[in-house]
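Note that the chains take the letters A, B, C and D in the order they are written out, and that residue 1 is the start of every chain.
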Amino acid sequence: MQALYHRLKALFPLGELTEQRENLVFVTVDAAHLRSLLLQLRDIEGFTHLVLLTAVDWIETGEFQLTYLLGNRAKRQDIGVRVMLSREQATMATIHDLWPTAATYQRELREMFGIDFPQSPGVNEEFILEGWNDIPPYRRDFNTLDYAEATYNDRPGRESRDPATYMREKLYGEGH
Amino acid sequence: MKPELEKRIVKGPDGFEFEVDPIRDYFCETPPTVMTAAYSAIIEKLFNWARAESIWILGFGTGCGAIEMRPLMTPRFDAYRYGVQWRPTPRQSNLFIISGYLSVKTLKRVIRSYEQMQNPKYVVGLGSCTINGGMYWDSYNTIKRLDDYLPVDLYIAGCMPRPEALLAGIVELKKIIRAGKAEGANIYAEKFEWYKANQKRVIHDWDMPDYNW
Amino acid sequence: MAYQPDRSQYPQRRPDGTLDIDLTSGKYLKLWQGPQHPGITGNMSVELTVCGDEVVAGKTHVGYLHRGFEKLMERRTFIQCFPIVCRICVPEPDFNEYCYAAAVEELAGITSPERANWIRTLILEMGRINSYMMYLGGQAGSLGQGVIGQWTTYARDLMLDRFEELTGARIYHMFILPGGVRDGLPEGFKQRMEETLKEIESILKDVYNVMYCNAVFKKRTVGIGYIDPQLLDSYGITGPTARAAGVAKDVRRDQPYLVYDQLDFEPITGKDSDIYTRADVRRRDLLMSVDLIRQILAKMPDSGELMAKLPNVLHWQIPRGETYIRGECSRGEYGYYLVTDGSGYPRRVNVRGPSYTHAVALLERLIVNINIADVAALMVSLHTYPPEIER
Amino acid sequence: MQFDWMQIPYSLLTLFIVLNYGMLLNALIAKIAARVGRRHGIPIWQNYADLLKNYGIRSSITHGVMFYLGPVFRLAGGVGLLLFVPTIFGSEMFSNLSFAGDLILALYFVFFGTLGMALGAGESGHPHAAIGVSRGLSQVTTAELPFALAVFAVALQYQTLSVTDIVAAQQGGFLNWTLFTNPFAVAAAMLGFLGSMMRPPFDVVLAPQEIPIGPPTEYHSSYLALMQTNRMIFPIAKIVVYMNLFFGGAASWPVFFIKVFFIYMVSVLVGVVFPRFHVEQSVRWFLVWAVPFGIIAVLMV
């Protein structure tokens, strides 16, 4: 995988290489070079299989991380391409013309994270939620417990405990 | 409101133009009424016996509980012995088994299916998630109490309830029906305003008439 | 002479590529297949636009089963996530447990013991048999052959008995947890498993005779729902659907996990890539699973550790990192993408279910120009389970 | 032919017997089908409970006049078919309202219910119902074709249009049955029979997995109960016609019960293990396999 990294490094401004396993690495690239990197990986290096496309919300630094995970079946390798986006202006170029199935992922990201992919087919249609009127739910600043308590009625009598405290008190006797 | 549900002028195949208001034209908006029992107590008893012995379940697997429905109807458990069978259309079914958690999007479809069923109709909540949210108590997309939105006759607890539990639940439901206490449809009609208010509070995308059958 | 539908009435395409469908013209009809529909694979729906008896456009609607797992797991500790992950996919929950456990182990630097790996493999193969049994019943049922569903559900019940014996539960086993597995094999398990496998083989023989050799079944499935092998990569097609197109995509062989490198098997492939071939590949895959279970039971060590030593799970923190773990489930590549940030909670979990690509982008493409009667069969033949699309 | 008023209560008695027999027979058939699937199956009195329950449903909605009339037509088709052919040969009581030209009337009644149903289901406005109706009519029409040819062959063979006379000609040992005197006609008719029983492989009309459940999608409560009643009577009535034309009729009730059971079982045993045909596939199947038999039968006579 090091050889691959050096080949790519000569062509694109890549960030650090994170070697997770011997056959799985992650690299960072800026949004402008993503498309040409993906094309290089798909057409020349043989990473033809788009495994997944997802996002991670790093709210502390105000960034979204988009992860494009590509697989090369012949060489048994995977590479994850990370792209950092600003949380304020979360817009990214679409790749649905490279992999048609990416349109689905982009629809989901638009709905669940609020990341826009202009020109991706049907990207603004509702995908999973219906009539959602809050901030996109997978963002870190959306609190699902508060939302559920405010929206849905509880049945009286249900108790819930924090497991750590409960186990400390009941099982391990640490509380006493 | 979706564009296809808005009032508009359409041109028919024969060239005439006419106005269409889909929500009003395609559905009936009359609220449900309380249906009284038969005049004679004996006949009502006979009907209750028949209702208990012939339970037609709506084939709508709303959640993961649907996976245990197939074993229920196959050799090991064979619910046909109890007069239970599937119907694919809500018009002909009497029992709605809410098989697990209901997301808001499904709740809307469940309400529509429920309202299309004919009086008397029964609802069984299957799984802990219909009782108080179960595993999904803090989820933003699943309701916690089913009986806020539909009149429930019986709950079967568990995650996931075994087919034996489901069979026991059906037998228990038969007792309720035979005793003439399964009047969920009438309760729904009586407390219609309350149920509708609850439903509308959760379903933000309300683009159907209040009652449709 | 082959049947040639009349396509003169079909909709034109507008310049932007969308179909010009005027519903008021009376030529087209909108049909919703689902969510309340017996011919749908679970709680999802397909919006069909039909012209006569043929579908001219289809659109998948999902989200009826969305519980927000990926959000819920962000507010649960690593060990609290373990009991809920299996709820993501009902018919084959074990892959969630395995992928999640393996991802946590990799980021936390734990290795699960050898014997636990054998038991994990055993459970995954048992789950695969269950899932295929559901599929066989569904595929025959979608064409109106209800009796196959009865037989295979009976066989599945037998397998669920073995699951119950091993794990204590029928559907949600919660057996594979980060660090290892909960328990070893009970007394006499191997022998009862062998009996179950024999019974399953005999039922499969019946199924083969009644379903695969049936002229009507062939007539309804051969040549329908063809997937071009060139589409495999662009649509992310994996699993038996890809293998039926002649590409031996099998994670068990491509990137062996657990103990698959010690087992003797070859990925099953087909040639014709239609509904019949997919059904046949799955049947042969099922038989291969039966064989794999026999190999596992023969080769597995009888004693040894079952759990690696875990830190105090109440204060378990995993350093920052990200990984992707995949496995070959009965429908294709199942994967977990886990990101940790050094706290006691996962930062982000993303589940890659094979149905995600099969049921949305691929189905919308394949569904065009087929008869309404074949929609259910086509959908079942892609073996989609909605909960893994929307989680 | 003079009309005897006593025939009316007698034929109502026939109707009653056939209704109950149909209820039990259908349950028995369901049990047999369940046994193939290794199940125990429904209780034998299940159909009574279902029927009673559907009559006992309190609310019902309508989609228009034809929606009311659909089930009525359907039931009229079943009852009419039963009443105008002799059920028990040689019995004063159970010859019903049969007359000299009843064969033509019977042919008409076989189709009558389907047409009524088509009108009613079309009125319900449900797209599945409309699709089911169009499938049903095209399939029933082609299934009728071999049957009609077989009936012509039989009518030519015995030179009569009266069912009673045809049965009379077949008496005296089973070698006199049309089954043996004109096997091609019987083959054509039995293939058509498979198609008109709405069992796999020819149940694309109902097809729960595709168009749940075809024409009756919108029917419920009492409407459905009427149709259920018809489903108990109509197959039996149809089998009575077949029995009279091809299998020597029945001279007493026990013979009647046994013959009907076995003829019914033909369609059941074929149906249990088969998936269903497409409409165009089944149409082609009838044209390729059943119709030639019918033509041969007509030519041979």
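The rule is short, and it goes like this: a residue touches a chain if its C-beta (ideal position, glycine included) is under 8 Å from a C-beta of that chain, and two chains touch if they have at least 3 such contacts.
Bear in mind that the values here come from a model prediction, so they are computed numbers and not experimental data.
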From subunit D, the most remote chain by mean C-alpha position: A
Where subunit A and subunit C are represented by their mean Cα positions, the distance between them in whole Å: 22
For subunit A paired with subunit B, centre-to-centre distance based on mean C-alpha positions, whole Å: 37
Inter-centroid spacing, subunit D versus subunit C (mean Cα positions, whole Å): 43
Touching two or more other chains - residue numbers and ranges from subunit D: 37-39, 208, 212
Per-residue overlap in subunit A, given as positions that touch at least 2 other chains: 128-130, 137, 142, 144-145
Residues of subunit B engaged with two or more neighbouring chains: 59, 74-75, 88, 105, 138-142
Category of the chain touch graph - line, ring, star, complete, other: other
Pairwise chain contacts, counting only pairs that touch as defined: A-B, A-C, B-C, B-D, C-D
Residue numbers on subunit A that touch subunit C, as the complex places them: 18, 20-21, 23-24, 26, 48-52, 54-57, 67, 69, 73, 76, 78, 80, 99-101, 103-104, 126-130, 137-138, 140, 142, 144-145, 163-164, 167-168
Contacting residues of subunit B [partner subunit A, same complex]: 104-105, 108, 131-133, 137-145, 148, 198, 201-206
Contact footprint of subunit B on subunit C as seen in their complex: 23-26, 35-38, 42-43, 63-68, 71-72, 75, 83-84, 87, 90-91, 134, 137, 149-150, 153-154, 156-157, 160, 170-172, 387
Subunit D - residues contacting subunit C, complex: 33, 36-39, 127-128, 131, 200-201, 203-204, 207-212, 272-281
Interface residues, subunit A side, partner subunit B - complex: 128-134, 137, 142, 144-145, 147-148, 151-155, 158, 160
